[in-house]
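Below is one structure; the comments refer to it alone.
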Amino acid sequence: MTFGSTGYDIAHLLGGGILLLSFVLLYQRRLEGVIGAFAIQGGLLAAAAAWQGWMQDEPGLYVTALLAFGAKALLIPLALRLLLRRLGLHRTVEPALGIGPSLLAASALVGLSVMVVLPVTAGQAQALTRENLALALSVVLLGMLMMIGRRNAISQVIGLLSLENGLILAAIGVRGMPLVVELSTAALVLMLALVAGIVVFLLRDQLATLDTDVLHGHQGERHQGERHQGERHQGEGP
Amino acid sequence: MDWLAAILTQILHLALVLAAAPLVVGGIRWLKARMQGRIGASPLQPLRDFLKLLRKRPLLAENASWISQAAPHAGATLALAALVLVPSFARGMALAPLADLVVIAGLLAAGRVALALAGMDVGTAFGGLGASREMSFAALAEPALLLVALVLAMLAGSTGLETVGALFQEGSLGLRVSLGLALVALLAVAVAENARIPVDNPATHLELTMVHEAMILEASGRHLALWEAASALRLTLWLALVAAIFFPFGTAPAGFALLGWVVGVAAWVAKMALLCLALAAFESAIAKMRVFRVPEFLGAALLLGLLAALLLFLSTRLA
Amino acid sequence: MTLHLPWIIVFLPWAGALLLAALAPRGRWPALVNLGVSGVSCGLALAVLAVPEGVQGWTRVDAVNQPLVALAGIIGLATAAFSAATVEAERFDGLRARAYHAAFQLFMGAQFLALLSDNLGVMWVAIEIATLASVLIVAVHGTPAAIEAAWKFFLLCGIGIALALFGTILLYLAAQPLVGQGDPGLSWGALRAVAQQCDPGILSLAFIFLVVGYGTKAGLVPLHAWLPDAEAEGPLPITAVLSGLLLNAALVAVLRAKAIVGLNPGALEPGPLLVGFGLASLLLASLALWRRRDARRLFAWSSIEHMGLSAIAFGLGANLAGMLHLMGHSLVKSAVFFGIGAAAQIKGSQKISDIGGLAASHPALGWGLALGIAGLAGLPPFSLFVSEFRLVVAAAAMQPWLVLSIGIGLLLAGTALVRALQALCLGPPTPDAPVPGAFTLPGGLWWATGPAWALLALSMLLGFALPAWFTALLGDATRLLG
Amino acid sequence: MAQRLGAPFCRRGRAPKLAAGDPLSPPAVLTALILILAGLALLAVVAVPLARFAWAGLVVHGFCLFAAAVLAGVGLAVLLAGALPVQALPLGVPALVAVDALSAWFLLLLGLAAACSALFGLAHPLAAPRLLAAYPLFLAGMALALVAADGFTLLLGFEAMSLASWVLVAADHAQAENRHAARRYLAFALLGGVCLVPAVGLLGGVAGDLSFAAIRVAPPQGWVAAAVLALVVVGAGAKAGLVPLHNWLPLAHAAAPSHVSALMSGAMTKVAVYVLARLLLDLSGPAQPLWWGVPLLVLGAASAVLGALRANLEEDGKTLLACSTIENIGLICLGLGLAACFRAADLGVLAGLAAGAALLHALNHAMFKSLLFLGMGEVAHGAASRRLDRLGGLIHAMPWTAGAVLVGAAAAASLPPLSGFASEWLLLQALLAAWRVGDLAFQVLGVAVVAAAALAAALAAAAMVRLFGLVFLGRPRTPRAAGAVDGPMPARLALLLPAALTILFGLLPGTLLGLAEGAVQVLVPHGMVERSGLAMVRVGDGGARYWPLALTLLLAVVGGAIWWLVRRRAPAGVARGPAWDGGFMAPPQHLPFGDPVTQPSAAGFGQPLRRMLGGSLLAAHESVEMARPGDPGAARVTSGFTDPSEARLLAPLARLRDALAARAEQLRDLPLTATLMLPFGTLVALLALAAWLEAG
């Protein structure tokens, strides 16, 4: 199965699509759009998993596909939409990093991941694995970039979840990955979402915002007497 | 027979220095008076004073402790013990092995401490003042003395006075700049140690300037006599020390040599007389300096000592 | 029995967690059940020391995890005892009380699993569970500062855990051509066996992801940002297990990865990377210690410092020093956190300026704390002295240029700790303002000082009175970690 | 090691007296030593629960007295009979102990100092549980450091000693200045550890065998040797109180209880000196270059001068004594440095002389400084103050203490024929021969050091006169000083024992040097040890000699003669009258013993030296505020000084540290998203590194 065969092309296409959606996630300004793009990414991931399952003849991957579809394409986006409606949030994202710079950075990251993965895996026979890995690494890095570039708690959670998509993409690309990993990845996603939901609720309760920069002001050991402390330290010997 | 000679010379030496001590003090006073156009008291006056003071009952302050009574004895003992070690007319005295320059410096320091403690015993302002100044000045005088000892030790290989004197008497050293510098340093230290002009004035009781006298202000009777004796012995010691190190000419060698002894005694008396004359002339010609100029004076002595040692390094290197 | 012991140790606390979640939080029952479960776990954990080395499916018992599991059991028990006395003063409502105790046992079970697992995937899952459980516990108070801490903890460790998984996948990818598909490709033993023939490039890449991923958990600078706030804002007892256990499990995960990658001569050398992270941790923490006003944050930063020291030790290959340091740090730091926790409840504040003169007002607590802090500063008679000695000696012999920076770090950190020690323990006592409900159990303050002194005594034994078989065990661990 | 050190004894036909099977065989002695160490550690544990009984202090100090006697006995036995072999401590970590002659010399010193301290403790026992626990641990730590035979045990004892003594320094931690002292003390102890551990590591080399025997086989060379030198000088120097790391010493000695100060000054600083000697002169091997000893020489001279000068300016009795300790430590280090230089120049006899002088001075200083600190403690107990300006006239109220302190002060002032003079005589003689090392730069340095040593000795004499004169002489300055009394019998014994030893050691320096011969051999293996007789010490053939017994006899004869003469000729007894008031007003009613203002004050006594030397060396200042004309108010003189180590070294370092910490703290101020940048950036950087490595 090398470059040019159908199986490879479809897998490649699905992986590329997932990466493309990562770019879309970075590009989107509106929260609803972000959630939508995330749902599509989840769907593509499920498709990729199913395709790999068929190609590798690995029934376990169908389970993964099912889980990914259920959780990432349906459940979590729905829950997020509900959350948006319940909380009556501002619908636009407050980016900490401008859209343009973040897209530029994203391109550079994709370049980096290709440069890292391709020479490293040169010994590997399977071209698909190499390509898949490069794509997955790009998705992971872009997910992190999204977490950094957004100040809204929900965007940050989506960034984290999209990062997990990259993980699953990597996992399904490797032949014979034990089921435990895939299952636990899916479970992880659910648990992450659950914990994030709890914390987001607490956040909303206490601070009436989801802008995480506001949180910064509430860091412990911060509010009182920073300058005073500086003076106290002066002139004290070791 | 040598041990007999050693003991004989030691006893003779003792008698000689005991006789010389009052004469040195009295003689210098007399010479100074003469130079200043006064008749002056007899050179024997210090001896008379001593005998008279000895017969008087001392008066002590109510809160004086045993220190006040013991210190004069200690001071006189230490001065005499040190003086006994400094050779005068002959080498090879019984106590010559003990005569080490550093030990003599130690004995003098002990005498100084006894004097300072006596000054502080009653707790009067002057005693403390004198003690503090005395101990402070010594802090600079002692390094200068040690540097002189270093110069001598480099030349002679020892700080033993016997060895040093023998080396100088042979004359193999020749005249050296560093020795001259060391002599000047030693003289400066001697002037300071004996509370002479320009560091201190033994004849004044002007409170702002006095050092030595301030400490014995409280002493009277036999205590004062002992202090005066100690001071006379110390002056003799320093003159004898200078004579023994730098002008050892005519000193009799170790062993029985009656003629040599006679020559030695004569030479020693002449040397001491000359030194007294020089001191009297120096004191007459110069004024007492302010107390806080004294460190500069002693610092200069210290530098001279340093310079002497350095020059010696250079000359040994060039030679 | 011995075959199943690892799983019993894991599932007993989890069963306890279910029980505690179901139990009505009335009176002191949950705390006592918690204590009981921890006690049994502790006994089982100690029994692991007697289990012969071997792999049981997904788990393995070897010289690396035997001492650490025993340590986790002991610290878990001590913390449960401390928790029983202080939980009342945390003033949880019903739901939170359930969540707190359940999460504690969930965390403990995951902790055991993380240490005992042979399968790297299972280890990853276990650390994941432990992390998420601790995020919940940190956020349990719901104050803005706690939420901030929990959110940061969540995001950073979320990233960390994802990167660790990526690294795990890469490891599998490297091993898969050699060991075939399925579970063996994730078994630590199997991976070690084939490490030399693996593709070095993939191994290097895997190690980078693993070290960044698990290193985040271990609090290595610059991945540390969550640690001080999470340890300072959670309930008091949690700090001890976070600092004493979670960090260890994460560092052991890094070490397991290092042991695999280090075997391959062509791969990236893992040692210098660890030394770099360790030095950064040591130096930044030693400076940060000077700016602390909050007692718990101070000791959280000190945890970063000590993790850095352990990382340096392992990076240099001084594995014995590293193992000793990990264990000694867990014991002493837990004891110090008990002391600080008790002091915070007595004085009603965790600010250093509000806690003072403990030695005069509460001698047993104050001097215990003082000794513990002195131990953290590297003074005898605790095992940290021994391990730091060995570390510095090894560094001086192997990489002398390192010694200067290690020395500066140790000195800065030590003097900062001494300053804190004197501020907390010496001088005239500050007024007490006890939190209502603190130490109302019979025995009072002994619920804090007892565990603290016991841990300090253990640390002393660890340093100077090790039985021969334990020394041999540590020697085996040293060899296993390569 | 046993064979190595036993050899010289055997060669001279003095077979070791301790044979196997003998009840005093080496293993038995070593076992006794280990048992004593264990007993002290156990005592520390037991002391905490016992502390509530009134007799606990007596038990603890009594046992410490016993332990001290055993330590001194072991030291003496080893010095007489030869080294004890290496033995492992029954600990879980490999820890070796052995007693060679060098260890034994310092053990003897420690035992004697600790015996005095414990005796004093019997009279004025510590009370708090922590102090009762720390005191025996302190002793055990010092002993362990001295008998250690590998790097780990050495550091273990060293650090245990530091921690235990920190508890003792912080004894009265309610006082802010004591806390400050304790903090600085422990910080410097950490510095010592941080420097000594890598030094030991470097000595051990890649093989990592830290036993002394292994290190001796492969001494350091090249840059490793230089690094070891720097680390040990800083590490052990910080503990010994060498300039510029002496800052903690006056603070800590003043803060600790008196008999602890005595032990710290008398023994603990010597343990640091022992570490210096052991690591630099013994373990680093004799093949080091000439400059090896120069740092010790220079720092020793600087310490001697600075310490002695500060002693003349301090106004607290114990602080003054602590500064005098800095001076004496400086002299000892100077001797060690000189020994290293002579050794490098193949001047064996002189090297032996310098090393012997250093060892002898260490012992003598341990005795007279213990005595002085204990005396000061007695004064503090009796007169409730240590400030020189609040004491005075105690010679009447406390005759025993005054007599003993006079002996100690005279020895500290290095007056013949006491012990201080004997060792300083040897040291000066060694210094006066420094020019024999051919190097011109070294010769010039030697001259400067001679001047510094002499200056220090004279300054020390001034400081001791100041101490004794202000504390014991004059009139009382406070009512408490007027009502003081001597301490109980154990306290008097604690003063009389070191006083007697100070006199004895002064009379028998030759015997002591003979005893120290083995220790000197350890430091200067190929050096000749000058054979000194009972009555005399000398510097090589034809060199200078010092005959303490003969000198004492001479003094006695001359003194007796003068006394006899005065008695014959002068009337007995004295008349008493009021002291001349110097023109001052009559004292107010509430000062029946006189107005203290009319007496010399501590600041006033130091004035000449403050002006002469203080300005340039210690940034001393002095200002007079005169009352305006017509105002009857008193003029006010203020004076003070700043130690250069504080202003030039510690304060800038603290500022640098604070600046760096402030910079590091900015990392914490990052907003949340930027915090996420850190791991992201790390990952990207590492990936880039990997890509680069792959490409390269």
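Lettered A, B, C and D in written order, each chain numbered from 1.
What we mean here is this: contacts are C-beta pairs under 8 Å (C-beta built on N, C-alpha and C of every residue); 3 or more make two chains touch, one makes a residue touch a chain.
In UniProt terms, the chains line up like this: A = Hydrogenase-4 component E; B = Formate hydrogenlyase; C = Hydrogenase 4 subunit F; D = Hydrogenase 4 subunit B.
All values derive from a computational prediction rather than experimental measurement.
A.B. asks: With subunit D gone and every other chain left where it is, what groups do the chains form?
C.D. replies: Drop subunit D and the rest splits as A, C | B.
A.B. asks: Tell me which chain's centre, taken as the mean of its C-alpha atoms, is farthest from subunit C.
C.D. replies: B
A.B. asks: Could you give the separation in Å between the centres of subunit B and subunit D, each centre being the mean of its C-alpha atoms?
C.D. replies: Roughly 35 Å separates the two chain centres.
A.B. asks: On a C-alpha centroid basis, what's the spacing between subunit B and subunit C, in Å?
C.D. replies: 77
A.B. asks: Where the CA atoms of subunit A average out and where those of subunit B average out, how many Å apart are those spots?
C.D. replies: Averaging C-alpha atoms per chain gives centres 96 Å apart.
A.B. asks: Cα centroid separation between subunit C and subunit D, in whole Å?
C.D. replies: From the centre of subunit C to the centre of subunit D is 43 Å.
A.B. asks: What parts of subunit D, by residue number, touch at least two of the other chains?
C.D. replies: 187, 191, 657-658, 661-662, 672, 676, 679-680, 683, 687, 690, 694
A.B. asks: When you check subunit A against every other chain, which residues touch at least two of them?
C.D. replies: Where subunit A meets two or more other chains at a single residue, that happens at 116, 119-120, 144, 147, 212, 215-216, 233, 236, 238.
A.B. asks: Taking each residue of subunit C in turn, which ones touch at least two of the other chains?
C.D. replies: Expected reply: 151-152, 155, 159, 163, 201, 204-205, 290-291, 411, 415, 419.
A.B. asks: Run through the chains and report each pair that touches.
C.D. replies: A-C, A-D, B-D, C-D
A.B. asks: What does subunit A use to touch subunit D in their complex?
C.D. replies: 96-97, 109, 112-113, 115-116, 119-120, 141, 144-145, 147-151, 212-213, 215-216, 230, 233-238
A.B. asks: So in the complex, the part of subunit D that touches subunit C is made up of which residues?
C.D. replies: Subunit D reaches subunit C through residues 91-93, 129-130, 151-152, 155-156, 159-160, 162-163, 166, 170, 173-174, 176, 179, 182-183, 186-187, 189-191, 193-195, 197-202, 204-208, 210, 224, 227, 657-658, 660-665, 667-668, 670, 672, 675-676, 678-683, 686-687, 690, 693-694.
A.B. asks: Can you list the residues on subunit C that touch subunit A in the complex?
C.D. replies: 119, 121-122, 124-125, 128-129, 132, 135-136, 139, 142-145, 147-152, 154-155, 158-159, 161-163, 165-166, 168-170, 172-173, 176-177, 180-183, 185-186, 199, 201-202, 204-205, 229, 232-233, 290-294, 297, 411, 415, 419
A.B. asks: Enumerate the contact residues on subunit C facing subunit D in the complex.
C.D. replies: Residue list for subunit C touching subunit D: 151-152, 155-156, 159-160, 163, 201, 204-205, 208-209, 212, 216, 222-223, 225, 228, 268, 273, 284, 287-288, 290-291, 359-360, 363, 367, 374, 377-381, 385-386, 388-389, 392-398, 400, 403, 407, 410-412, 414-415, 418-419, 422, 426-428, 461, 463-467, 471.
A.B. asks: Taking the complex as given, what residues does subunit D use to touch subunit B?
C.D. replies: 392-393, 395-396, 410, 413-416, 421, 425, 428-429, 432-433, 435, 440, 443-444, 447-448, 450-455, 457-459, 461-462, 464-466, 468-470, 473-475, 539, 542-547, 550-551, 554-555, 558-559, 562-563, 566, 569-571, 573-582, 584, 593-594, 598-600, 604-609, 611-613
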